[in-house]
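So, here's a batch of structures to check.
Look at the two complexes coming up: chain A is in both, with chain B in one and chain C in the other.
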Partner chain A sequence: MLEIQQLSIWIQTENGEKQVVRDASMMIPAGQTVGIVGESGSGKTMLCHAVMQLFRDSRRYNGDILFEGRSLLAMDEQEMRQLRGNDIALIMQNPIAMFNPLVTVGDHFVETMQAHTPVKKQQALKIAAQQLARFQLPDPSILKKYPHELSGGMLQRIMIALAASLSPKLLLADEPTTALDTLTQLEILEELALYQQQTNTSMLIVSHDLGVIAKMADTIVVMRRGQIMEYGPADCILVEPVHSYTQALLAAKDNKYSLEQLVDAWTGEVSGELYEYRQGHWVRQEETSC
Partner chain B sequence: MLMIQHVSKCYQQKGWFRIKERIQAVKDVTLTLRQGVCLAIVGESGSGKTTLGKLVLGIEQPDCGAILFDNLNVCTTVKASKKLLQKNIQVVFQDCQSAVNPKMKIKDIIAEPMELHLSLSKAERVKKIEQLLVQVGLAPRDADKYPHQLSGGQLQRVTIARAIATEPKLIVLDESINSLDLLVQISILKLLKQLQREKGFSYFFITHDLHAVQLFADEVAVMDKGEIVEFVSDITQIDNMTHPVSRRLLAARLPIPCKHPSQSQRFDREEHVS
Partner chain C sequence: MGRFLAKRLGSMLLAFFGMTIIAFGLIRVIPVDPVEAYFTMNQIPISEEGLASMREEEGYNRPLLVQYSTWLVDAMTLDFGESFVSKKSVTAELLQRFHVTLTLAATAFIMIVTVSLTVGIWSATKRGGFIDWLSRSFIFTLASMPSFWLAFVFVYIVALKWGLLPLMGWGSFAHVILPAGTLALGFIPYYIRLIRSSMLEEVNKPHVVFARARGVKESVIIRRHVVKGILPQLVTSLAMTCGGLLGGAAIIEIVFTISGVGRFVVESMFARDYFVLQGFIVMIGGLYIVFNFVADLLCALVDPRVRIKGDGA
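Showing the complex of A and B:
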């Protein structure tokens, strides 16, 4: 479905170029969920933007991203516009900031759908109501509301419904629940999982919370400072993490350990090569002190 | 030390074209917090936990009931006692970016409460700022930076340094660590725990993350619709909470599924070696 090959990303800063992602390769098979976990500054959001080809002008890419065999990096803006929304949709982190405060929820749907498909306004609103019902918002009066009248959890549901309304083949979720409280988080994750089951969409979910990733993903990618530390099936990584950074992350979510036992900062250098620990499970080599 | 007695708080929604609505944010809450204890307040959003925190800080006035801190009412208007309360009750908010003045250097941010509440000479103050920065795990040279030059985790440490600068007895932590990276959360919790042990701080820990509560708190009160629905005085009993809201919060912890025994053994062994 989506294949990222040896991707490196540079961004423009005041002090010249800065590399934010280094030689990242991963694959998202059709109908599966891949989860990227990493701290802030690990380049996980940059990967999402790269797949959507946002901010093309200010970033430099090396490597390749293949979507259904076509290279996204080689596409011009026109073709990319066709793909965005129709085939690849992005759910962003901060739902409150992503909506236009002067436009009603219904008009957001109409605008999005008319940009991609020749659909009448009434029909678009009908589809919107159906999509919203799917994400536990069955009351159609919500379409007439403005973003400030709704809670963060509701807005995030609307954003997911909006992304889902064009039935994309690939859904990117960049920290979809970070701004929400734990109860809403659980509900939304369950709805996302259900949506995926029903529609067989591929999903890339990005979070700094390993708990979220563990709940959702079939394959886990652990990133730090722009590099992949560990990459493999969720069952392998969660049960038997190999890299000490992954181990530290896992222990921090484990009820067994007390505060004193936990590692609070993983200070090791990101170095060494990726090697195949077992089939399909890649780990970055650690430097041993002895 | 802190006594919350039958406190209620009602908000009235005002609007030109709207019918007035009354929202009961906190309803008849009674809690006691002893010195050196961390009391966690958990609940969904809208359950009134932040309002309770504001009442404790004296930012909001309760409609009825009283909050006493060392036998002083937190809503006192007597200037001397007000100053004493401000020195002894400090707060760390969730959004550290908006809790600091972007035009002030880090050293001025930390110095501000010290100038108000402690009588220190300039040299002593500089030394203390350095000490505080080291204590929260930052470098002394960060003192000359501006907030935008620091990351979220670093800035949250600055707000903690500011909170402990006046050597308070009670710190209100309002969702202070939720938006940070997992390992940064752990390191800040460790720091706060250490301060609790060394200086006997009490914490009023407002959160919705029961996993952090389990690691950090001594007592837990669960809030729902403004009321305390469950209170647990022994943190090890947290899994045995019975109220439906507590059960739902427990279920939302997102634990890592399916643990293999060999994994924990290996982790312990590696800790042992290092």
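Showing the complex of A and C:
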């Protein structure tokens, strides 16, 4: 479905270019969920933007991203626009900032659907209401509301419903639950998981919270400072993490350390090559220990 | 929305009231005695007794507050007294010329909106392109020239050299184009820059990125997410400009020898035609307030958050 091949990303900053992702490769097989976990600044969001090809003008790429065998980097803006929202949908973090305060929820649905299909407004609103009902928002009056009249949790659900409304083949979820309280987080994750099962959509879920990733993913990618530290089946990584950074992440999850403490505690250098520890389970070499 | 309207109407009335105090007060502050001015104007020999009896007759000896309230009551019925010069009612004199200035200002306003929206949006969407570069250098040149000088240049080139449009005077639509264009030129550079810079700011907002991530067509993004986002700011600015156009048409009217309100007021100023000035201040001030009220309403129509807050900015 999606194949990221030795992707490196540079962003433009005031002090010139800065590399934010280095030689990252991964695959999202059809119908599977891949989870990327890492602290802020590890390049997870950059990967999502790269798959959507957002901010093309200000980022430079090396390597390739293949979606159903076609290179996204080689596509022109028009082809890419037709993919966005239609074949690949993105759920973004911080839903409150993501909706236009001057546009009703319903119009967000209508414009998205009309960008890809010749659907009439009334029909689009009907589909929107069905999608909302699917994500525990059965009241169709929400469609007439403006974003500031709704809570963060509702907006996040709306965002998911919006992403699901055109039945994308690949769903990217960038920190889908970060801004929410714990209970809403759980509910939304369960709804997402249910949606994934029902529709067999491929998913890439990105979070700093290993708990979220553990709940959702078939395959886990651990990232730090733009590089993959460990990459393999969730069962292996969660049970028997090989890299010391992954071990530290797991420990942090079980002991409820904050991520900040973890970042301070784990001081290992990111160096060495990825090697295949086991079939399909890659780990970055560590210089040291013994 | 009802609450919002009531609040806005209330503050509009307050503003009207404040404006009348200023219109009344400002005239008292300038060092011209209206009665003396009247005498000079009509070449009546000035004598102390004459002045005193006139003051008594016109009520200038009464307390200021009483004078103000009688004036206000008259002003409410659009009675601003008579012009010293023509002996006609000020309201009639102003209204008679007002449609000329209004035509001028309205045409200039339409020019401002269409030109600056077109160029501004184009400039912002094709940033760094040729049009953007051209418009920005053009704006710079235009913005650094005073509008009366531009008026002379236009008259010289378009009317005198090419003979395309009538040189001066009033009558047909062709007469309106040059003066209105000149009037508009003073504001267009400002608006192009305002539209361009606020659009560039808007384009980077998360909700625009999200719209792009949903594959929404670029034209829809520009129209619905970017241009709509700058509308409240734009409308508020335009409301101020509306008043500015009406009040500021004087220079243009003088250059093009059009007998509009602006020129009339300047002439009245030289003649110390006291009541005309007062009437003009109230008229323009009132229009400013009305324009702002309309702008507030339009903003509330665009931005639902304003409707709820009620008191707005």
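Quick note on the criterion: the second predicted complex is superposed on the first by the 278 of 290 C-alpha atoms of A that agree within 3 Å, B and C clash if a C-alpha of one lies under 4 Å from a C-alpha of the other, contacts with A are read in each partner's own complex, and residues count from 1 in each chain.
Going forward, contacts are C-beta pairs under 8 Å (C-beta built on N, C-alpha and C of every residue); 3 or more make two chains touch, one makes a residue touch a chain.
This structure is a prediction, so every number in the text was calculated from the model and none was measured.
Undergrad: Chain B versus chain C on the shared chain A, clash or fit?
TA: After superposition on chain A, which the two structures share, chain B sits beside chain C with no clash.
Undergrad: In the combined three-chain superposition, what is the angle centred on chain A between chain B and chain C, taking C-alpha centres, to the nearest 10 degrees?
TA: In the superposed model, the angle at chain A is 80 degrees.
Undergrad: Going by the touch definition up top, name the partner, chain B or chain C, that contacts more of chain A.
TA: Between chain B and chain C, the winner on chain A residue contacts is B.
Undergrad: Just to be sure I read the superposition right, which of the two partners does A:202 touch: chain B = first, chain C = second, or both, or neither?
TA: Neither partner.
Undergrad: Have a look at where A:219 lands relative to chain B and chain C in the superposition and call it first, second, both or neither.
TA: neither
Undergrad: Kindly classify A:162 by the partners it touches after superposition: chain B alone (first), chain C alone (second), both, or neither?
TA: In the superposition, A:162 contacts chain C only.
Undergrad: Just checking: does A:235 make contact with chain B only, chain C only, both, or neither of them? Give me first, second, both or neither.
TA: first
Undergrad: Quick one: classify A:116 as touching chain B (first), chain C (second), both or neither.
TA: Once the two structures are laid over each other on A, A:116 reaches chain C alone.
Undergrad: Output check: A:182 vs chain B and chain C. Expected answer is one of first, second, both, neither. What do you get?
TA: First partner only.
Undergrad: Applying the touch criterion given at the start, work out whether A:131 contacts chain B, chain C, both or neither, answering first, second, both or neither.
TA: neither
Undergrad: Touch test for A:45: chain B only (first), chain C only (second), both, or neither?
TA: neither
Undergrad: Nearest CA pair across chain B and chain C in the overlay: distance in Å?
TA: Value for chain B versus chain C, nearest C-alpha atoms: 5 Å.
Undergrad: Overlap of the chain B and chain C footprints on chain A, residue-wise?
TA: Comparing the two interfaces on chain A, one with chain B and one with chain C, no residues are shared.
Undergrad: Inside the complex, what are the residues of chain A that reach chain C?
TA: 52, 54-55, 81-86, 89-90, 92, 94, 97-103, 107-108, 111-112, 115-116, 146, 148, 162
Undergrad: Sort out for me which residues of chain A touch chain B in the complex.
TA: That would be residues 39-41, 151-153, 178-179, 181-186, 208-212, 214-215, 235, 238-241, 244, 247-256, 258-266 of chain A.
Undergrad: Please give the residue numbers of chain B that touch chain A in the complex, ascending.
TA: That would be residues 44-45, 151-153, 179, 181-187, 189-190, 193, 208-211, 214-216, 248-249, 251-260, 262-264, 267, 270-271 of chain B.
Undergrad: Can you list the residues on chain C that touch chain A in the complex?
TA: Chain C reaches chain A through residues 205-218, 220, 224-225, 228-229, 302-305, 308.
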